[in-house]
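Next up: the structures, one after another.
Each of the next two complexes has chain A plus one other chain: chain B in the first, chain C in the second.
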Partner chain A sequence: METLQKIIDIVAETLGIEKSGISGESSVGDFPEWDSMGHLSILNKVEEVFEISFDPEEMMELEDVNDIVKAVKAKQ
Partner chain B sequence: MTIEECIYKNSLKFPQKPALICGNQTVTYSVFWQMISSYASDLNKLSECRKMIYQIYRTAQNIDFAVRYFAAHLAKIINVPVDNDISKERFEEIENELSASASSMCGEHSVADIMFTTGTTGRPKGVMLTHENLSAAAENINAFVSNTADDTELIALPLGHSFGLGRLRCVLSKGGTAVLANGFANIKKLFETIENQHCTGFALVPAAWNYIQRISGDKIAKFAGQLKYIEIGSSYMSETSKRKLMSLLPQTRICMHYGLTEASRSTFLSFSNDEKYLNSIGRESQNTEIKIFEDGEIGVKGPHVFYGYLNGEKAEFRDGFFLTGDCGKKDSDGYIYLTGRKKEIINVGGKKVSPFEVESVLNSYPDIKESCCVGVYDEVYGEVVKAYLVVNKTVDYKELRKFLNGKIETYKFPASFETVTNLPKTESGKLQRLKLK
Partner chain C sequence: MAFVEVKNVEIKGLSVAVPKEVKTVKEQPFFSSNEAENFIAVTGVESSHLAPLNLTLSDLCFEAAQKLLIETNTQTADIDLIMFVSTSRDFYICPNTANILQHRLGLKTSCVAIDLPFACSGYVYGLYVAGSLLQSGQLKRALLLVGEMPSKNQSSKDKTVWPLHGDAGSATLLEFSPSAKNSMKFNLNGDGSGFEAIICRQPGIRNYPVTEDSLKSVTIDNGIERNALQCEMDGSEVFAFAIKKPLEAITALAENFQIDIQQIDYLLIHQANKMIDEKIRKKLKLPAEKVPYSMRYYGNTSSCTIPLTMVSQISQSLSEKVNSLIMCGFGSGLSWGAAHIITDKIICLPVIEV
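Entry: the complex of A and B
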């Protein structure tokens, strides 16, 4: 739950949108701000905050908030 | 022959062939032409009673947009397609420009589209393109890229921009199939579409390639036997990136163009045929003449060069050549190399940003006294905006970002900020942006 909240915070802050509109199912392309530039910024921020790194094989699978949460948990 | 005439011919030649695919929706050439004709007749009725000269609308990556766009041409109504993510303020500015200049749209040439680009002053600049311009450009591009009626192309580039919309016209005028996708953000979905729809070509900007690389590594190589061509354009691409793409897709004809909305695809480079000249922007496209003037500025002449700017702003021409604002040099084999830019435009992954526009929004933020924006190198986007700020008090960047939201499009947001005590200026007070680069 805590990881989910942290990821939602990162998505909201990076894209400059309200947290209330973001859920685990929110996915790349759902908001105009969540474009390729936004997606890359989110993933960079997640890597920085959780001190982890994704390789390209993993990155391609990260389509929504839940995917990111799952990937972060697997690395902790 | 206009693009619409080509589509009509294709509807007779390949009635059952898919013209467009979008998600689960497929329309054949025959159905597509019926949809265009029927929409055009509705527009005709509407234009008779409302004296409609143009239609302005936000573009969408779907079949309805394609129908609306080509139907307008058929009904002799000028299209003003604008990007879907354009801010409300920008949309209103464009509407005002249009209503103020409606009379200049009806010249002796028939204007087909007005594409708005970013002028150096930050004011939207309406580029008027005639039917002849559009056909000439499509003919030049198809001749170089070599796409045929047998090709299926993935169009993920925004249709509100000259490059993406140009690809749609190229594919449909040839009788190929266009598969519409909503941007490059979801690479997994994009690769699934290439696979499931058996796409044989696609177009992208260098920033999209950098993004694909970052997100999916070398996975694009699995399409090496499937992709026949790729067209790249709109901004700088390093030789290393070009060679990487060539190594992953050795059988694909990878073409890169140089052009502007005013003079679409004026040069072309084929990565494999012109391997010795990968640092250049290639040679003149067919039916195009390029001249480098004494001061280094690149001039372009040809039937694809636009008709004029909407607001009466005079386009710069010298000896019949449109002056691009870019500087370059030509080698003895005719290859052209870009050496600099005369205009202070920032190119964020192919999208043009005026520093003036970003600065004026930043300057309206209470904690900022004045600002200066420049383009700085970025490994994914080629260039991003950096803002130098003179502040009244410490700026909370989170709050500033919220402030910018909706006022300017997100790609125009400064990627980094630096606080300075003063900005470099000339004696007359003009900002000296180059000193900050």
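Entry: the complex of A and C
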């Protein structure tokens, strides 16, 4: 739960949108700000905050908040 | 949606030229090492080709066309139509670049010469327009020259466009062929309400004249600096458009012309970025081997991505057998189109470096 909240915080802060509108199912394309470059910024920030590194192949599969949470947990 | 068919026309050969010089994502100053790695992972672009100042898109198309004429054993006198599809014209207002290339290639003065200023959807539109002009048989052969030179109208300090794009020009030889078994099938669309999504605000008549202020670089955001002559892209609007409209166009094309998408040999999607293209591929449930990519080492070359993917990724298949292809181009305009083309042993030349 804590990881989910942290990811939602990162998404909200990176894209400049309200946390209340973001859920585990929120994904690329759901908000105008969450485009390719927005997605890139989110993943960069997640790597920095959790001190982890995604594999290139893995990054292409991370589409929604739940995907990112799962990938982060697998690396902790 | 405009569903249209072109009969009695075949692609005979294809050639693409790129500049020798390469620019890499990792060397871009606005990216840290980790940011560059992630950019490559999400966009699929690692490097692209970059023209020096004195090289134009018409130079690349000239090289591609000249080589193609030789390798297809086509005489210059046999070319009845030359069409230059690009926004990277030699001169923005006039004259047409197609006229310049008609003379430079030594084509006859009775050769019809036309410019079509399309960007990323240009290959699909070019095939439709050139094919339409050939299908009555009054004109027999066309040189379709399609490509873009984004390095000339983008800012190297704009991280939203510069690392993604590359320069490339192509030449396709089309022939009137009354014995052609298959028609070319198209679904063409446009929506000018999104005209500002990808735009160069100057030069042109709307924001005339170009002044000293036009050349002043303005900081838009962190890592985004450009002047009024340089292309700007509204990433959010383009992304929303790109994950929706091309997929709809392909699906509608298949439904209208009763094409089984699973039976095609290749889907050639405009190499916008890998994230967008993979979304389209997965929604169409196509296996990875049916959707080739050229963006890794060439980037997004606008209207040239489809021919560049053909010559760099699937040339053996195109040269040796019949191929059922769906093409889809989409971009500035907004403009988008899908096409079903069946090729039969076309002459597909290796990528030329100029």
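Quick note on the criterion: the second predicted complex is superposed on the first by the 76 of 76 C-alpha atoms of A that agree within 3 Å, B and C clash if a C-alpha of one lies under 4 Å from a C-alpha of the other, contacts with A are read in each partner's own complex, and residues count from 1 in each chain.
We take it that contacts are C-beta pairs under 8 Å (C-beta built on N, C-alpha and C of every residue); 3 or more make two chains touch, one makes a residue touch a chain.
Predicted model, so just to flag it, every value in this text is computed and none were measured.
Novice: Applying the document's definition of touch, where does A:M37 land relative to chain B and chain C: first, second, both, or neither?
Specialist: Once the two structures are laid over each other on A, A:M37 reaches both partners.
Novice: With the two complexes superposed on chain A, say which partner A:E47 touches: chain B (first), chain C (second), both, or neither.
Specialist: Only chain C is touched by A:E47; chain B is not.
Novice: Which holds for A:M59: it touches chain B only (first), chain C only (second), both, or neither?
Specialist: Touch partners of A:M59: chain B and chain C.
Novice: Looking at A:E13, would you say it contacts chain B, chain C, both, or neither? Reply first, second, both or neither.
Specialist: A:E13 sits against chain B, while chain C stays out of touch.
Novice: Which residues of chain A are in contact with chain B in one complex and with chain C in the other?
Specialist: The answer is residues 28-29, 32-33, 35-40, 56-57, 59-60 of chain A.
Novice: Can you list the chain A residues touching chain C in their complex?
Specialist: 28-29, 32-33, 35-40, 43-44, 47, 53-54, 56-57, 59-60
Novice: Going by the contact rule at the top, pick out the chain A residues touching chain B in the complex.
Specialist: Per the touch definition, chain A meets chain B at residues 13, 15-16, 27-29, 32-40, 55-57, 59-61, 63.
Novice: Touching residues of chain C toward chain A in the complex: what are they?
Specialist: Going through chain C, the ones touching chain A are 34-35, 37-43, 160, 235-240, 243, 273-276, 278.
Novice: Under the definition above, what is the set of chain B residues touching chain A in their complex?
Specialist: These residues of chain B touch chain A: 84-85, 182-189, 191, 207-208, 211, 213-219, 349, 380-381, 398, 401-402, 404-405, 410-411.
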